[in-house]
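Paired with chain B in one complex and with chain C in the other, chain A is shared by the two complexes that follow.
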Partner chain A sequence: MNGMLAIRYETPQSVGEAVRLMAADPDARVLAGGTDLLVQFRAGVRQPSAFVDVKRIPELMSITIDGQGLRLGAATAAAVIGEHVELRTLWPGLVEAVQLIGSTQIQGRGSVGGNLCNASPAADTTCALIVNRADCVIAGPGGERTVPVEEFCIAPGRTVLQRGELLIALRLPRPAARTSDAYLRLIPRSEMDIAVVGAAVSVTLDANGVCRSARVAIGAVAPTALLVPEAAKALVGSSLDAASLKRAAEAASTAARPIGDKRGTAGYRRTVAGVLTRRAAAIAAGRARRK
Partner chain B sequence: MTVTKLHIETTINGEPREFLCDSHETLLSALRNGLGLTGTKEGCATGDCGACSILLDGRLVPACLVLAPEAQGRAVTTIEGLSSGDALHPLQQKFLEHAALQCGVCTPGFIVAAKALLDAKPNPSEDETRYWLAGNLCRCTGYDKIIRAVLDAASEMKESAI
Partner chain C sequence: MTTPREFKYVGTRPIRHDGVDKVTGRASYGADVVWPGMLHGFVLRSPHAHARIVSIDTRAAEATPGVKAVLTGKDLPETTATIALGEAAIDLRDVGDNMLARTKVLYHGHAVAAVAATTIDIAREAAEKIQVVYEVLEPVTGIDRAIAADAPILHPALRTKGAASPGAAGPTNIASRLEFKRGDVDAAFAEADVVVEREFRTPMVHQGYIEPHACIARCGEDGRAVVWCTTQGPFVVRDACAAIAGLDPAHVKVIPSEIGGGFGGKIVVYLEPMAIALSRKAQRPVKMVMGRDEVFRATGPTSGSRVRVKLGAKRDGTLVAATASLWYEAGAYRGSPVGAGAMCALAAYKIPSFFIEAHDVVVNKPKVAAYRAPGSPIAAFAVESVVDEIARELKMDPIELRLKNANAEGDKAPYGPKYGPIGLKQILEAARNHPHWTSPLAANQGRGIAVGFWFNAGMNSSATVILDTDGSAAVVTGNPDIGGTRAAQAIMVAEELGIPVERVRPGVGDTDGSGYTDLTGGSRVCYATGMAVIRAAEDVRDQLKARAAQIWNVAVDAVGWENGRAIPPAGTEKAEAMTVAGLAAKMAHTGGPIVGRASLYAPMAGPAFGAHICDLEVDSETGQSKVVRYTVFQDVGRAVHPGYVEGQMQGGAAQGIGWALNEEYIYDADGVMENAGFLDYRMPVASDLPMIDTVIIEVPNPLHPYGVRGVGEVPIVPPLAAVANAMRDATGIRFTELPLSPPRVLEAIEAASAVSVGA
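Coming up: the complex of A and B.
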């Protein structure tokens, strides 16, 4: 250990204390579940000067649902989210995205805030948050600010967080009547893999089953997850029949600008982005009709 | 610069325990090297294999992705905490009866993960069991014997609970 600088381990008890720690030291890193950070640390990719463990801050570990909607503490473990019955009922697509991440063990640690802050273009929760109009609540030396989730990640591994800032919660408006969501991803096996393509859709129907508003987001097909207004436009005003779903699929494929790699060629990803959009829209529509 | 050790007070398998650790040391390392609890195994050290599965405040987690100082004031359950004296936990007994292990490195992780499953869901289906244990890798058994052992333990525990 000769010459090695001690890495500090900090356990702030409040958001204010966490902000002060982060602002005082640009090399400090927020530790939530550690499922990305500790792997990167071990691999030598990141060498933080301090781990700021935010899991003792109640606001980062809580789930509140009221008339306004959901406030999801950024460090709440995926397993806790999966066990929350009301959350599952109101946002089934978000919860299915959360539950796709890793194994049972990883679910016991990993959080939605961490998934977002890791800023992988293939992160499963990002698309589901985007279609649900989530806002990121960010605390910093100047107080709190909110950023729409589709603007939070700016490049692979990079977010809008500035020095001294940390993500403390996600806020989702309560879904309107006959609204539901769905998330699908393609992986080459049945469990435990990273999305080759992901797609989330949220739809709101009127009493006659006509789609009144929609949101479509696709992941792993660009440097960040993409909100695709053209695909949503193809759904609005329709009864979500096969023809409109096909138009939404085409719009999603057109919006995708994927790379080709060992996990899938660019052309394959573009095609699958459309297929998953169509299927997720159909699932979201089915769920909305039952509400 | 001196590297100072952190002093951690925690509960392990129901007993209050104290240990010294580095701030960036994993709980897996503290359990094995600091506390001599070598039942919890290191496989991949990146959260992919499940060999280091433990319960932290009752929640199934990979000990390789938990920092040792995080255990301060928490309750940790390891494989050593499952038997009562010489009496094996039903899962341990069923793993023996079904020959659900060969080299044994993955076994503690499987048994701890299976305990978490049965704590949450005493009567799991085969599908639920396979999905729950998807994060535990075994290179010897082909998994079937493990699944059979877990399901058999579940039904036996249910009977003895009646």
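Coming up: the complex of A and C.
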């Protein structure tokens, strides 16, 4: 049991050092904010042999925005993201997803990379990353590789990360003109809860207000967050009027493959996936029109 | 009528004496102490909701290095003792069996063994080595199953106590049945112009106190035990520990820690006798602390229920007849609060003819414990929902309907006695005249009102007031402070002695250091223990007057008392009024220290009513709702510290709103609770609620020198119905089952719109 084992606490200063530590010990776990990991550890769900604290690696703790887009260090705390004015302006939906996680205290520790690597189908940031075409930058013994974020999680609690690999950053392309996003989730409370359903939408409008491109993702309605091309198709070519939003909602409800559990019935989740998709699309459209 | 007393300190809002220690983290709670040589105890719990224990093999656990003691039910004597508790009684045989199962496990999480070891990890690891062979039985997870003809029987010896229903003579899961009746109900319903009947269901819910149960105990070779624990009733713990662990109560001392919430759930013992028994075996102190999942699974929530209510009214709104059939889950052992629910159900209304039946039903769920006005919120949810329907049928304002039928002083309560002065009409009038009631509602919003009742309790209390030579004073009682009672007691001493509140030190004594005092509960502390405090302070004042008389060489009767000063009789030579400080400074030369004391039994209390107005906004596409405005009106008799009175009113409302909207024990088919944590047992968080407005009404209780009634329980009674009535107003749908969680609400909205589309 945990109290009888010596658990190592490692503080690598570079990505290379972190990769070596992770490669050397299959039972080591990456510690970013710890807001999931330490809770699971205390509950006895996970018993790592070592915590590899990556918060001293500058590349994992930084935000860079340039002409290409955003490079978000995987361990950057949610509160830091929330205070970044340019990030908030360019990706308001992503930032609202980040800021929905946990409480003020959790915001000071929890990170987008951690939220993603925990691989919960209900994770708030995943859908917002998917609609913004994020790529996961993964470092490993063989060097770096990138994976589209929608392919990163493969099952509840499981990701594509192999032994020795860690997620070091997320790269988002700079949004085109008149592009914006939104994320909504349903929880029975107002905070401190896990999404029963989540939906993110990103839209790009032309000068006439016609939707030229769209991405829709829904969460907590399948083993992993779902990209829903059929819902996006319903939006593209329209002026994001009520009828097209309704078709997108229906497509999202159809795509949802939820289970029924203590947090909501399958039918409830399917209905609400559509409602949130419609509402998120309307918010994203409004934001894009103002750009 | 006498002139109302002018108060100097009563009604003020000093900073609570225990406040700084609490907000700085210095206060010591149940799990906060460390004793030399202390071991850690871990409880092995049943993985089955209903099973016979065939055998328990503890040898591997005992052989684990670091393990100092292992305990099973066979190590403890079987007791037949009870503890009196007002009109109820705690059956310690059941409490002991609930704490550590002997022959059967009756719910998932029921304790079957305990281990004490040098670390908690060793104790846990050793507990997992204990081999328990179970014969698994079908679980009884609800009332419907429990009362079915072919239901598995939890307790083969159980027979229905009380007014038995026909044909119930053999083994049963119905532990008791009782009836209240008045008049000829059938004839009365025949005269009614409007009759509404509905059946309601509520799930088990937990008090949700922040601090889990925790204790540390040591028991020496001499059979003397000391227990430090978080409890509402140190004397209850003392007597329960003695009986269950087989000790002489004279040899058990219980020291109450600060308490992080109780709401009725910290009266029964779950750990303390086990810690004593483990300590007795190991000859070292044993600390035991529950995890949150253990608190949910194995302490005492309140009942799930099924309640059927029928009301009949005349066209003018006069209620003429009522029937109510209440079925409450007791959990694994008898003792739901269904009797109290039956007594409270119609307490607000003058109804000439009624018939109420109440059933206590055992099921394979945790044994219920008291929860803030036990039994009353469930009954009020049903009755106040039906009253709302009657108002709608009659197209009558729901406040006017309630006022027309409201009980007042001199009316006979449905549960027997005649009411003294009560404030029901006053709170309803205050609600009617409050701007909330007439403020406009936005789209998708609805408004509901409901009233609630609680008896409040009296019982045994003691208090000691100790005067110091500097004129300051300490006040000690045996009541752990869960609701700001120390601040109230300091105010009372300040009022009687005329010394500043800040110079009074209110404290909670242990069972050796305070006179016998019944538990903190029943909203009784500010009332009954407060009365003892006032009398103990008066005792000090009488002694001070005697000292002054001695100094002035006059008769005691001639000494007056004004504004905290002894006043010499007119014309006494060289005599000036003396303050408490002045007299205290001379104590050593006028007869020695001064200690005031009082002990009393308060046979009755001041029953009280509250009315709540709730505005709810409903998202008809997701079923999600939000309380947007909420106002609590309550007759408190006298608010000694209005800040804490308002806090009680707000806290009760918040708990009731949680019960109405999202809280519930969710069970799978095997009787395993699926949401034993705060993530999925959804109590409201601060951001879920608006600022809850409070309106204090003071109709003094003639039984108390200041008029105090008791405050803490009434405010959890109305919210269930207030929220449901607001939901009815917002959606047009009468919900009869709680909680009003988004999936349930959306399903009903969709069903209703399908019907209206179909029509």
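A few points about this structure:
FYI, the second predicted complex is superposed on the first by the 288 of 291 C-alpha atoms of A that agree within 3 Å, B and C clash if a C-alpha of one lies under 4 Å from a C-alpha of the other, contacts with A are read in each partner's own complex, and residues count from 1 in each chain.
In this section, contacts are C-beta pairs under 8 Å (C-beta built on N, C-alpha and C of every residue); 3 or more make two chains touch, one makes a residue touch a chain.
Since the model is a prediction, treat every value here as computed from it, not as a measurement.
Contacts of A:Pro188 after superposition: chain C is touched, whereas chain B is not reached. In the overlay built on the shared chain, the residue A:Ala281 is in contact with neither chain B nor chain C.
Touch counts on chain A: comparing chain C and chain B, the chain ahead is B. When the shared chain is aligned, no partner comes close enough to touch A:Leu129: not chain B, not chain C. In the superposition on chain A, A:Thr265 contacts chain C only, with no contact to chain B.
Look at A:Ala169: by the touch rule set out above, it reaches neither chain B nor chain C. In the overlay built on the shared chain, the residue A:Arg8 is in contact with chain B alone; chain C does not reach it. Of the two partner chains, chain B is the only one touched by A:Thr35; chain C is not.
Residues 1, 3-4, 191-192 of chain A contact both chain B in one complex and chain C in the other.
Chain B contributes residues 1-4, 6, 22-24, 26, 45-47, 50, 53, 56, 59-62, 64-67, 69-70, 72, 113, 116-117, 131-136 to its touches with chain A in the complex. Remark: chain C residues 119-122, 124-125, 621-624, 626, 661-662, 666, 674-675, 679-680, 682, 684-685, 687-688, 741-743, 746-747, 750 touch chain A in the complex. Per the touch definition, chain A reaches chain B in the complex via residues 1, 3-9, 11, 31, 33-35, 38-39, 41-43, 51, 53, 55, 77, 79, 102-106, 108-109, 191-192. Residues of chain A touching chain C in their complex: 1-4, 186, 188-194, 196, 262-265, 267-268, 271-272, 275-276.
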